[in-house]
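Paired with subunit B in one complex and with subunit C in the other, subunit A is shared by the two complexes that follow.
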Partner chain A sequence: MESQIELIYEDIKGKHNVKLVQFVGDLDATNVETVSEKICNLLNEGYVNIIADFKKLRYVNSTGLGTLLHFSKTAKEKNGSFKIANINENVYEIIEIIGATSLLEIYDELEEAIKALD
Partner chain B sequence: MEVNIIQIPDKPHAIIFQFSGEMDSDKIGMINDTFSQINSNINYVIVNVKSVQMISSSVIGELMGYRKQMIEKGGDLVIAGIDFSIRTKLNLIGLTKIFRIFSDPRSALNAYRWEIERHAEKIHVSFPSHLKIVPPVRQLISRIAKQKGYGNRDSFRLETIVDEICNNAVEHGMSGSELSIKLNMEIDPEKVELDVTNTSDPEKMASLKALLKPKNNNDIKLDERRGRGLALIKMLTDELSVDCSGTGTSVHIKKVREE
Partner chain C sequence: MDIIFPYKVSVRFPGDLEYIPPIRKFVSELLQVSNFSPKFAYRSEIIVDEICNNAVNYGCRTSNAEIELICEIFEDRIEFTINDQGSTKENLDQLMSVIKQPIDPEKDIQHGLGLEIVRMLSENVDVVIDEKNLTSVHIVRKREDIEQK
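So, the complex of A and B:
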């Protein structure tokens, strides 16, 4: 019984190497491998800029956070980026406590994250 | 109208008045007599109205006066024995704003234990040593905290603490359906204490020692995917201790309520 998480993908008009990914649910030790595989597949398919919409991401733990840092590193290695938007207060606090806010690209709004691609 | 006074053996400061019949204005003298009988150290009165057919507004006014007296003594006067269907009607006339209403005396006594005696509640959870069991356990603990009046932030932090401790317990201990992880929780209005114990796996002792080795939060590296759980627990709790001396590793934490 894994924690429920769903990834919903969207394209962004005019941006050929960008994928918008909505995270819906909880990101934890039970589903981190599945999520990692899906995001890494996107990066390997040429979507080197990922915008993660965390509006519906309720929960993340330290293992999930480690994976987010891995996405960021992998995207940078491919001359892309892993940007996070719409993060909720509780999830942000966990990232902040770990001291990883400076290691991730975090935006308040989705539009800001998209604009930062230009 | 009749009244039965019920003393509660282990609760010298609480009492139950079980009324029956009609509590109309000409019974106020009898109600006053009942209250005059109670010991001065009583500060929590449960008025059980399960067998009461009607309560007049003058009786409500009288009970409000006694409630004020109980509050001055650090307690309360509460109403019990009111079904949910009637409660919505009482809500309409504003009675639920004046008195705390409970469905039965037992619920009213639980509130007394929690709010007046500040009594801790104990919860014991035992579950198989599998990662997939951890999410429902962490959500259960979070829900209990919320039910006990803890705020969203505290409950979320507790969920994180339980998740991280239990994941470590599974990862660094023996795993399998027959081997359980024991979680004991003690919650009171000011704090939560948790004890989580697994069954030690001799082959994983080296990884456990590496986990417990003090780390500086500034040591965080972008390419490290694991190993932040304990640091997170430390930062979210007020006390943390780990005991590896027995057949299992025990983690004890204390988290003071913040909101």
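So, the complex of A and C:
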């Protein structure tokens, strides 16, 4: 049984190469391939700046974290960025434990992440 | 509901990643009904997830392999034992090196992160391998002082 995760996409007015993606549910080894394919498709379609809204992301394990690091690396290689906003305390703690807070662009609020694109 | 400590719950499941989400969520709920905090339950959910993933990925060499997870719940701690049905010496060496030495997420974003998380969230992690390469991982996680009864 695959863990439940839903990705909800939104455009941001005035930003042609940016996609806002809401992550809803749990990100783990059972659904990481599906999520990876969807995000990589966005990057390949020219949406090289992705803002990930983690407000409704309850859970991430190490496989999910590895994928987030991969998104960040791939976006940078395309001269873009993978920014994370609204992260919850539990998910942040896991990123912190593996020492990856400096490897990911993490913002408290969505507005801050959008503003950082300017 | 009055809980009488300690008690033990064990589950056997096929060596397939798809079985892990309901098991980790079950452990989390079990801990919360046993008066552990939601944060303790969440951290324990991560431990179960990571160590079961590891057992499936490295300890299931046949299609009908099974994993056994034993949870022993005490008033002040939880102990997990995960038994798989056979690892290789190479996998065990990798496991032990990660337990003993922290990994660098910048250099290695796909391997070793899970065990690093388990190591950081646990008081003790022991790995035992027998002469048939059957691996048993034992983890102790204590209740945080702040939530001691």
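Just so we're on the same page, the second predicted complex is superposed on the first by the 118 of 118 C-alpha atoms of A that agree within 3 Å, B and C clash if a C-alpha of one lies under 4 Å from a C-alpha of the other, contacts with A are read in each partner's own complex, and residues count from 1 in each chain.
The rule is simple: contacts are C-beta pairs under 8 Å (C-beta built on N, C-alpha and C of every residue); 3 or more make two chains touch, one makes a residue touch a chain.
If you're wondering where the values come from, they're calculated on a predicted model, not measured in any experiment.
Overlaying on subunit A: subunit B and subunit C, fit or clash?
Because the two structures are overlaid on the shared chain, the partners are seen to clash.
Which partner does A:65 contact after superposing on A: first (subunit B), second (subunit C), both, neither?
Once the two structures are laid over each other on A, A:65 reaches both partners.
Give one of first, second, both or neither to describe whether A:98 is in contact with subunit B, with subunit C, with both, or with none.
Both partners, subunit B and subunit C.
Once the shared chain is lined up, is A:53 touching subunit B (first), subunit C (second), both, or neither of them?
In the superposition, A:53 contacts neither subunit B nor subunit C.
Subunit B: which of 27-35, 63-71 or 225-233 bumps into subunit C?
Residues of subunit B that clash with subunit C lie in 225-233.
Share the list of subunit A residues that count as touching for subunit B in one structure and for subunit C in the other.
Common to the two interfaces on subunit A: residues 1-3, 26, 28-30, 59, 61-63, 65-66, 69-70, 73, 90, 94, 97-100, 103.
Considering only the defined contacts, which subunit A positions touch subunit B in the complex?
Against subunit B, subunit A makes touches at 1-3, 26, 28-30, 59, 61-63, 65-67, 69-70, 72-73, 89-90, 93-94, 97-100, 103.
For subunit B, which residues count as touching subunit A in their complex?
The touching residues are 131-136, 152-153, 156, 159-160, 163-164, 167, 217-218, 220, 222-229, 231-232, 235-236.
Sort out for me which residues of subunit C touch subunit A in the complex.
Residues in contact with subunit A: 17-22, 39, 42, 45-46, 49-50, 53, 102-106, 109-110, 113-114, 116-117, 120-121.
Inside the complex, what are the residues of subunit A that reach subunit C?
Within the complex, subunit A contacts subunit C at residues 1-3, 26, 28-30, 59, 61-63, 65-66, 69-70, 73, 90, 94, 97-100, 103.
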